[in-house]
Amino acid sequence: MPSYATNMRLKFPILALTLEVVTIVLYALFVVYDTGDAHGHDGSHAKSNTTQSTSPMTLYPMFQDVHVMIFIGFGFLMTFLKRYGFSSVGINLLLAAFGLQWGLLLQNIWHMHEGKIRVSIDRMINADFSTATVLISFGAVLGKTSPVQLLIMTLLEITIFCINEHLVVEFLGVSDVGASMTIHAFGAYFGLAVARVLYRPGLRNGHEKEGSNYHSDMFAMIGTVYLWMFWPSFNSAIADPGDPQLRAVINTYFSLAACTLAAYATSSLVEKKGKLDMVHIQNATLAGGVAVGTCADMDIQPFGAMLIGITAGVISTVGFKFLTPILASKLGIQDTCGVHNLHGMPGILGGLAGIVAAALGKKDGVSPGYQACGLASSLGFALVGGLVTGLVMKIPLWGQPPDQNCFEDSIFWEDMSTTVFNAYENEHEDRLTHGDDSKNKTEA
Amino acid sequence: MPSYATNMRLKFPILALTLEVVTIVLYALFVVYDTGDAHGHDGSHAKSNTTQSTSPMTLYPMFQDVHVMIFIGFGFLMTFLKRYGFSSVGINLLLAAFGLQWGLLLQNIWHMHEGKIRVSIDRMINADFSTATVLISFGAVLGKTSPVQLLIMTLLEITIFCINEHLVVEFLGVSDVGASMTIHAFGAYFGLAVARVLYRPGLRNGHEKEGSNYHSDMFAMIGTVYLWMFWPSFNSAIADPGDPQLRAVINTYFSLAACTLAAYATSSLVEKKGKLDMVHIQNATLAGGVAVGTCADMDIQPFGAMLIGITAGVISTVGFKFLTPILASKLGIQDTCGVHNLHGMPGILGGLAGIVAAALGKKDGVSPGYQACGLASSLGFALVGGLVTGLVMKIPLWGQPPDQNCFEDSIFWEDMSTTVFNAYENEHEDRLTHGDDSKNKTEA
Amino acid sequence: MPSYATNMRLKFPILALTLEVVTIVLYALFVVYDTGDAHGHDGSHAKSNTTQSTSPMTLYPMFQDVHVMIFIGFGFLMTFLKRYGFSSVGINLLLAAFGLQWGLLLQNIWHMHEGKIRVSIDRMINADFSTATVLISFGAVLGKTSPVQLLIMTLLEITIFCINEHLVVEFLGVSDVGASMTIHAFGAYFGLAVARVLYRPGLRNGHEKEGSNYHSDMFAMIGTVYLWMFWPSFNSAIADPGDPQLRAVINTYFSLAACTLAAYATSSLVEKKGKLDMVHIQNATLAGGVAVGTCADMDIQPFGAMLIGITAGVISTVGFKFLTPILASKLGIQDTCGVHNLHGMPGILGGLAGIVAAALGKKDGVSPGYQACGLASSLGFALVGGLVTGLVMKIPLWGQPPDQNCFEDSIFWEDMSTTVFNAYENEHEDRLTHGDDSKNKTEA
């Protein structure tokens, strides 16, 4: 364990600062504000111009909703692990802070104007979106990777995401306004591929720290509820203004509501004695937001959205109950947060629903064939990209927590020996406040 | 206890799925988007049209504020019970998710256009509002009812709310922009009537689980602060655009600020040794938002709003200290969250303030007589509706927690035996992590 | 200790109610709505009129973001202390609720129209801002002061803040859109001066309660993440509409992102074994928002904002590690939350960056000389004002917690003996639920 800590001190600061300095140099060369004077010329991004004809700040409330989903929603959803809350919310912040800078660069290298990327609110929304892929994948490997490995995953995954997104959305013209395919399915299968490469036989029989306690589950519910509430913003933020955006909000609202009833009902049905399982409630209630993403701006009507939502809620809950154990035991995929059930299968469901909706003519100019290509491309890039990224992450140089220290903040965070729960777990051998002095901010 | 669990497995999923399927069928028949093409014809709802002349998304940030109040605010406010946090925030999500679907249907059957209900953001706000009545009543019976009973209460209460609201607001033309009468007083007295019917003599001397601990009180403060911050949105979301909406924001902001000082001062005054009581702070600081609701868009000026707020803060705190114990011991009304003090009396105060403001001519076209009728109608529907609903909920078929399992998540949630606090409470007989394996998501 | 409790009962309610009643009288005399009819005449506040030409509600979503920062952000950031969470979030609410009423009055006595202050959303934003100074100073004296002392500090600090702000912004024409100087540096040095006057030799060697535990650190992260997410709103809320506001959002977004990488890297670098320290992550990740405040609406380009952010992240982390202990031991300044590192030094950095940006011509009509005066004035008013305020707060009449009861909620809050952690700390002598009956809301 000392070797890991030493590794952090050398490798992590160097990597983080190097990435940040390189990013700043690239921003100095290529990134400027999208201020009004350039609008007349920027014919390549008509939607942004339309929006900004009113005000450059029109989308700002939507941006903040998405921002909350990324930093509070994803961050706290992963705090369900009883001893891994600091890393869940803290590393989530780190990865997203780097990812949004990197994503904004890579997403817009195809849209440069006079050699410059022009930052506007809608591009900040897209940059936030690009980080979501990484945070989904983070869920699959939560507790079993180091910050160094995760920064490398962020760099590679966002790069691959931007290539696939450009191919699917810009080149093939696929409709995926809420990104069921390009973010959720992509992020999930990318993360599962990484998890497969990083398979740990030593965790085959579980790990005593891989579980929740009462308050860690409560913190996770903060994440769940924020994701649930703001998902209509996620699915509508980059929709065309007016009716398409309104449809995206309404469809997501109803899909989530129907999904919630389905998730509760299914959870009670599959558990012994008909009780509810907190894992299902924290996750499967959100599957309706994922699954309605691709069709969100289409004319599927509220009841269509509700049918998608109820299906997603059932599939997701059943996945947690029956599929996750099989993935772990038969395929060697240890999916800590069950991202396959929340983002993977519902993301595919969303892609399939988009194909059907396109075939039924629910959105002008959208082809079921191209929609299918978009789904296939997203899955292909995710699996291949995840395998390659997993192999890079496995290079011993980066360091990786030993099995016995998985799911435990103390390997990466100071002062963890002083907390109540550790004290408790150590069978009361420690005085509760022992060592707290180093947290004391006013005395040496 | 096994019988209850078995009951859940059969009854709860069947009820939840049946309600959802019936709702989807009704939506397929009657609910469509409120897209622009129909606006020219929809003369029945002028306010909505006015708003949408700018953009269908104008009210979206307000909607999200209200959404946060419903799902985070109400949900976390009730997590103060030390062993009932999962149910508080989880069942809150379930009831609101069903309630908003049901409320949107029933609120708009009077406003159908060519046989269709047209969903817009302001109707989604109203649908969220309709769920608030249920969540208030939920507070009165918190810890003593099953999810099955609560889904039935949701169905009945929203139905009765919609009838009263239509009568009061549309038929009598009563002004109640922040719904002091139609939501807060209604929800509180409805819940108290239900609580009366479900009176449990076995809890006369309290229950060891009916209390808070340090961290459950902290979680509850998340709910309190969100309700406090976003209450100006609640009271102004459906106000007429422009100055009335601005007035509603300003009045609520100042009423809450003044109420907070009053609640703190009164809490210190009524407690021995002048200390503050967390129960008062969590609840009475919000009474100013309730009490200013009816007058929020009226020309009462900031100091008028502050007078309402300071009165509400005093009344509410005094109610918690002196009235709640009397209600329980003399009237057999066991009001878990003290909704009588937060929503009941301040709601009536709001209704009375509206009568006075109408008499003083603070809003054109508003009659003090009709305002009084609105208050009487809301109380009448609440009490009668609550009694009837309570009797329906009491039918033994639905199941109901035995006294000794009240205020405890473990009766409805899996794995509760494994948490720190249970371990602690069981006098350290359990190993902390015992049983956590079933929460382990990666291994069977 | 009984004497303190008695003091609270007499002094606190009287002071709180007196302040509120005086405020209401002043509001009745001087404060009205800023409704449309007066706009044509209000030439003194052009910006407000411009904004409101669209709608009086344009800034409302920005207002709510700032509101969340004040009440959730500041409130929860301070809950890191393991036994002081009620006071952190509760007293934060009390001080801000009074402060916004007082601030709105004092900030606008220079802008009265026909003897009246007209309340609009942008003035509510400014009122919220004025409370931020107090909440920053609160951080410096957290755990060592009584609510009575803190109400007095609120009254005096906001008064002094309004004088300095008027002098700097209105009289000298200094540009400080995100208030690095007038709020952050001012609030920090004011609080440090108060802390110096209230120096407690008895806490020289620390205090067993002055530390965090696992869950208190998690609650604090809620504050951190909300401040982090909404800081772009803080820095842009009162910027001129259009491009300046967009620039303020973009600069803050990128400054924070770069600062986060720097804070994580520096934290790992300065800690033994390269681990991360939660104190740094909770605070230093935010320094980029403080430091970019003055220049936020200037044409410094994204990479310029990132350079400011990375510098702030390094300085802040290094300050927590090396400077805070020296301030305490050598200068007698016991800075509980380390506000010197989060608001003090980054605030000065922001002021200096503004001088440089002005010298480089990054904003029309801004003079580096006047910017320097603005920084000097803010520091001068803060230090002198803080010393005087500290002396007033030291008057024995107000009462102040004895050393051994510092950092402990139980001195001001009821029922604290009944919580799990106390029970735990008392070596299991108390039954867990002992005394919970008085929290029981349904029985006397």
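Labels for the chains are A, B and C, by order of writing; each one numbers its residues from 1.
Heads up, the rule we're going with is that a contact is a pair of C-beta atoms (placed from the backbone, for glycine too) under 8 Å apart; a residue touches a chain by one contact, two chains touch by 3 or more.
Chain identities (UniProt): A, B, C = Ammonium transporter Rh type A.
Bear in mind the structure is a predicted one, so any value in this text is a computation, not a measurement.
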Quick check on subunit B against subunit C: do more than half of the interface residue numbers occur in both copies, making it same, or fewer, making it different? different
Would you mind reporting the rotation angle for the C-alpha fit of subunit A onto subunit B, rounded to the nearest 5 degrees? 120
Give, as an integer number of Å, the spacing between the C-alpha centres of subunit C and subunit B. 32
Could you tell me which residues belong to subunit A and also touch two or more other chains? 61, 215, 222, 421, 424
The subunit A residues in contact with subunit B across the complex are 61-62, 65, 82, 203-215, 217-218, 221-222, 225-226, 228-230, 233, 241-243, 245-247, 249-250, 253-254, 256-258, 260-262, 264-266, 268-269, 271-279, 281, 285, 299, 301-303, 306-307, 310, 320, 324-329, 334-338, 421, 424-425
Report the residues of subunit B in contact with subunit A in the complex, numbered from low to high. 2, 5-10, 12-13, 16-17, 19-20, 23-25, 27-28, 31-36, 55-57, 60-61, 64, 67-68, 71-72, 75, 79, 85-86, 89-90, 93-94, 97-98, 100-101, 119-121, 124, 147, 215, 219, 222, 412-416, 418-422, 424, 432-433, 436-437, 439-444
